[in-house]
Amino acid sequence: MKSDHVVSIKLYSAIFGALLVMTLATAGAAFIDLGGNLNTVVAMLIAACKALLVILFFMHVRYSSRLTWVFVGAGFFWLMILLSLTLADVLSRRWLPTVVG
Amino acid sequence: MSDSSIVHAHQFDDAEQQHEASWLGMWVFLATEVMFFGGMFLGYTIYRSTYPEAFADASNHLDIWLGTINTAVLIGSSFTMALAVRSAQLGARKPLVRFLILTLVLGALFLGIKFTEYYAKIEEHLVPGSNFSYAGPLGRAAQIFFSFYFAMTGMHALHMIIGLALLTALIVKAGRGRFSSVYNTPVELVGLYWHFVDIVWIFLFPLLYLVGRHLQ
Amino acid sequence: MAPRVDQLYFFLLGVSVFFATLILILIIAFAVKYRRRSDDEQPRPISGNLGLEILWTVVPLSLTLVMFVWGARLFFITFYPPTDALEINVVAKQWMWKVQHAEGRSEIDELHIPTGRPIKLIMTSQDVIHDFFVPAFRVKNDVLPGRYTTLWFEATKPGAYRLFCSQYCGTQHSGMIGHIIALEPAEFQAWLSGGATVVSMATAGENLFQKLGCVSCHAQNDTGRGPSLAGLLGKTVHLQSGASVTADEDYIRESILNPQAKIVAGYPPIMPIFKGLISEDGIMQIIAYLKSLKREEGAQVKK
Amino acid sequence: MNGPVEERRQHYLNVNYGLKSWLLTIDHKRIAWLYLLGVTFFFFVGGLFATLIRLELLTPQGDLVQAETYNKLFTMHGVTMIFFFLIPSIPAVLGNFLIPLMIGARDLAFPRLNLASWYIYILGGLFTLAAAAAGGVDTGWTFYTPYSSIYSNTHVALTVIGIFITGFSSILTGLNFIVTIHTMRAPGMTWFRLPLFVWAHYATSIIFILGTPVIAITLALVALERLFGLGIFNPELGGDPLLFQHLFWFYSHPAVYIMILPGMGVISELITCFARKRVFGYDFIAFSSLAIAVLGFLVWGHHMFVSGQSVYASMIFSLLSMLVAIPSAVKVFNWTATLYKGSISFDAPMLYALGFIGLFTIGGLTGLFLATLGVDIHVHDTYFVIAHFHYIMVGSAVMAYLGGIHFWWPKMTGRKYPEPLARLAAVIIFLGFNLTFFPQFVLGYLGMPRRYHVYPPEFQVLNVMSTAGSSILAVGYVLPLAYLIWSLRYGVVAGMNPWKAKGLEWETTSPPPTDNFEVMPTVVHEAYAYGAAESQAVYPAGKPANV
């Protein structure tokens, strides 16, 4: 299930540092107008990276069995189902306007 | 120390099986939690795509500096939690207690800052409901934004409060020397929970605080 | 529409009856033939048959795909009204149906229509979700607050057809019923012009347009502080945000109630919010007026 | 076997007595009994509401109850039956009792959590009952906004909080099952030796843990909107009336599979035992359960074809809905094929199982009508839908539940129920059910909308038939309640394996000891080894049951 892997303080500190840097980076990037939806994309990408670091190292998933990966994946996969199919409705609703012709 | 010397519950064959079950159980629970917050993330996504201007404008009413500081505080608490789990793995009792207390303090600090922000929002009449007032033509959709703000951060704060209660229980137990390098499952599981709550905030921060800063 | 829906329905019914009967016959046949004759019988185990599994995966799959394609075609027709349809506006509220005809006549819980001509309903709700359901025409669609939905049908025979609200809407849900009264075209014209003298929806809309002061910014040409609205419906509008939308009824409705939601490129966001100042019926009248502007313009071009 | 020494044998029922030993028990078998009491209570409460609904619909006018009362009746009927009876019924009663026995474990992985689930369930039930007692709720079990969030002036918040709480009971049960099935299987009990009942519950648990949280947060937001004026669903602010429906059906469509999948698991056990045959196509049935659980999450939009949902999204949902029909069809064909060249007996559980196959076939096929876009426009929100989902939820799920209760009754109690009466009840239920619900298909196609307190007179004949059927059905449901209680004291002592069935649960005594097995088994055979060796497992001598 899970190995009793003990992560070194050095690695933990490095992760912590990276998380802090990314927090500052995302706050800073928010003030720059990147145009279009790029601000959102950048913010979400940084958030995803941060989450990934926490999951892999702080939560020891990197050192865990496949089964753990499956359930971590399942949570996000199902979230994607919920988001993508609902957005399939919301975003395509106006493809067929009320007025025709 | 061999496994057979550790007490395990009657339904398990041995401590190893018990540990496996607990670890898996926590992850299953966290998958549940992803979907619990997921419902709100979905609603947020839909409304933000429908009312982008209003969300950007309303987001600028939040205090980005308090938000950033709070993010750092919570990440710090995750760091100390990870160190607490490490200490437990190594069977180091004193560092374990120390890191748990540090985590508790940082968690409480986060909530303190959060409630300061809430208080400011109450003062500014930005709490949805009959007292809500918002200058400018974007008020109605801005009220939706603040509904999400309070629902999402409120649900998150509730999780934090539960986390603090769990930490307190751990500190008491750790102080009594209940955990060792072979038996530390509760510390590990509370750690997972705490990191999960951290991850939720990692997404809430940009979604709530950083929407419209660049348009100001 | 009704006969085409019924065709598909009977196809589905046929498939269902076939499979239900097949299963029933097999179960009864096996149950009789292989009934237990002595208590210590031990039949030979059979673990499965790949060929059979493939057969009863592929056959149902292909049948359901036929159903999907057939059903989807009908569905698309149902939600794509013919362009020459007669437009009628419907506002639902707890617990009644309010109908406005373009010529100005309005009615409650009744809808008079001519036979032999497609009818397109443009519907919205003042409160909760309702649903406009006419079983005889095999059509229904939800009627939503804050949005327009449409529905179209064509009556072939004169007569009265039942109208139900089929989305639960509160205490008197089952009382929110009425009739569609289909008349021969000539009779329908007579009915339209009957009753008290009424102004047409477009005229009523024009009056509102003056009264609410819309006209002071939205002039006939592009000289006003707001864009001209003549010929707007159906056009593509470019927005400040860079996106573009088709100017349909929903867009106009939103732009009246919440003007800041979609700002037209090149114009300042100065329009006041009309929410609370205008009823759903009033918005429909203004839309009718804007549509009439479109027609006049088209007529001028022809000259 | 039934000598005086055997009578004295200690088992989970006589190990200790008294209320406290039950209310604080962490034995999965006793918790199953606690659930049995709970779901039986809510079944008859929900049944009472149903009876009143049917009586009101005897005539077209609203002469028995007021419109407000009628609306509350069908709402409370739906809420109690779905959230407090159907969803916990098979998993929390039979699943709880049997999963550890079937996989050769002493208990579930988290026994205390299991007990907590029951208390959470009861707490949620009390909230909902309090709402009913305080005057009821009238939104329909679907709680569509904005009616539920703004317009209804009944006890919506109290009810949804009750359902919110009960949701956590489902989540914890699902979590417990998943962990138990992953980590606690006996030596030799590989995944493909698991009884299909266990596979079905694994699939159900996936829905529990990934679907339930979504309805929980959704209903919580509705409650917050009512209590504190939060504005997430409010159309006055520009809220989207379809958002609630998406969130609601994301759970509530898979919830139908929560109700039916465990039933399918029960049927796989019953058919094999009473045909004395290995199940036909084991792998296909096992994987079809998982396929249903996953595909079930991709089809919720078929509840929204006429809701103002995008036409294109509707098409995707329709296509995916067609796909979910396939694993269901595969199961039905495999069960039928299992009967081929079997040795079929007609004990009461088998009558329920055969009834299940017939009714599920009809329920499933009529589901295709609703998934087909062009036809759904007409039959959506009519009695056709009511008939369809009652064929699935009552015709199938309740039949499976009763079949399972009868089948494992000897294991649970150590005694047999009276067979002739049980067969009679099964036949009465089957006939009563069809008379109640088949006419509703016709009503629906004729256009009678659901949730109508008064209706046009042309629909009366079919409604009278339906009401007549429901009175027969009521008799059919009361009968087992009476004779099962009777059998607790007067039933014939059953012995270890009265049906000569395969499966580990039949290799321990009836009722089983607290730790389930005197000696923990090692599994050496496939599931359903009918016609093979006597036992499915070996028991290494000398190893005590509880290390």
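For the reader, a short list of remarks on this structure follows.
Order of writing sets the labels: A, B, C and D. Residues in every chain begin at 1.
In this text, a residue touches a chain if its C-beta (ideal position, glycine included) is under 8 Å from a C-beta of that chain, and two chains touch if they have at least 3 such contacts.
These figures come from a predicted structure and were not determined experimentally.
Ranked by C-beta contact pairs, the top pair of chains is C-D. Of all chains shown, D has the CA centroid lying nearest to the centroid of every protein CA atom. With each centre defined as the average position of its C-alpha atoms, the distance from chain C to chain D rounds to 36 Å.
Chain C has its Cα centroid 45 Å from the Cα centroid of chain B.
Annotation for chain D: residues 182-183, 210, 214, 238-240, 242-243, 246, 250, 308, 311 touch two or more other chains.
Counting partner chains per residue, chain B shows two or more touched chains at residues 20, 24, 28, 31-33, 35, 38-39, 42, 46, 50-51, 140-141.
Residue numbers of chain C whose C-beta contacts span two or more other chains: 79, 149, 258, 261. If touching chains are joined by edges, the resulting network of the protein chains shown connects every chain directly with every other. Residues 1, 67, 74-75, 78, 81-82, 85-86, 88-93, 95-96 of chain A touch chain D in their complex.
Within the complex, the chain B residues that touch chain C are 51-54, 137-138, 140-141. Interface of chain A with chain C (complex): residues 36, 94, 96-101.
Across the interface of their complex, chain B is touched by residues 241, 258-261, 269, 272-273, 275 of chain C. Of all residues in chain D, those touching chain C in their complex are 62, 67-68, 71, 138-140, 142, 144, 146-147, 150-152, 235, 238-239, 241-242, 275-278, 280-284, 305-308, 311, 314-315, 318-319, 322-323, 325-326, 329-330, 332-334, 336-337, 339-346, 354, 357-358, 361-362, 365-366, 368-369, 371-378, 380-382, 445-447, 449-456, 529-532.
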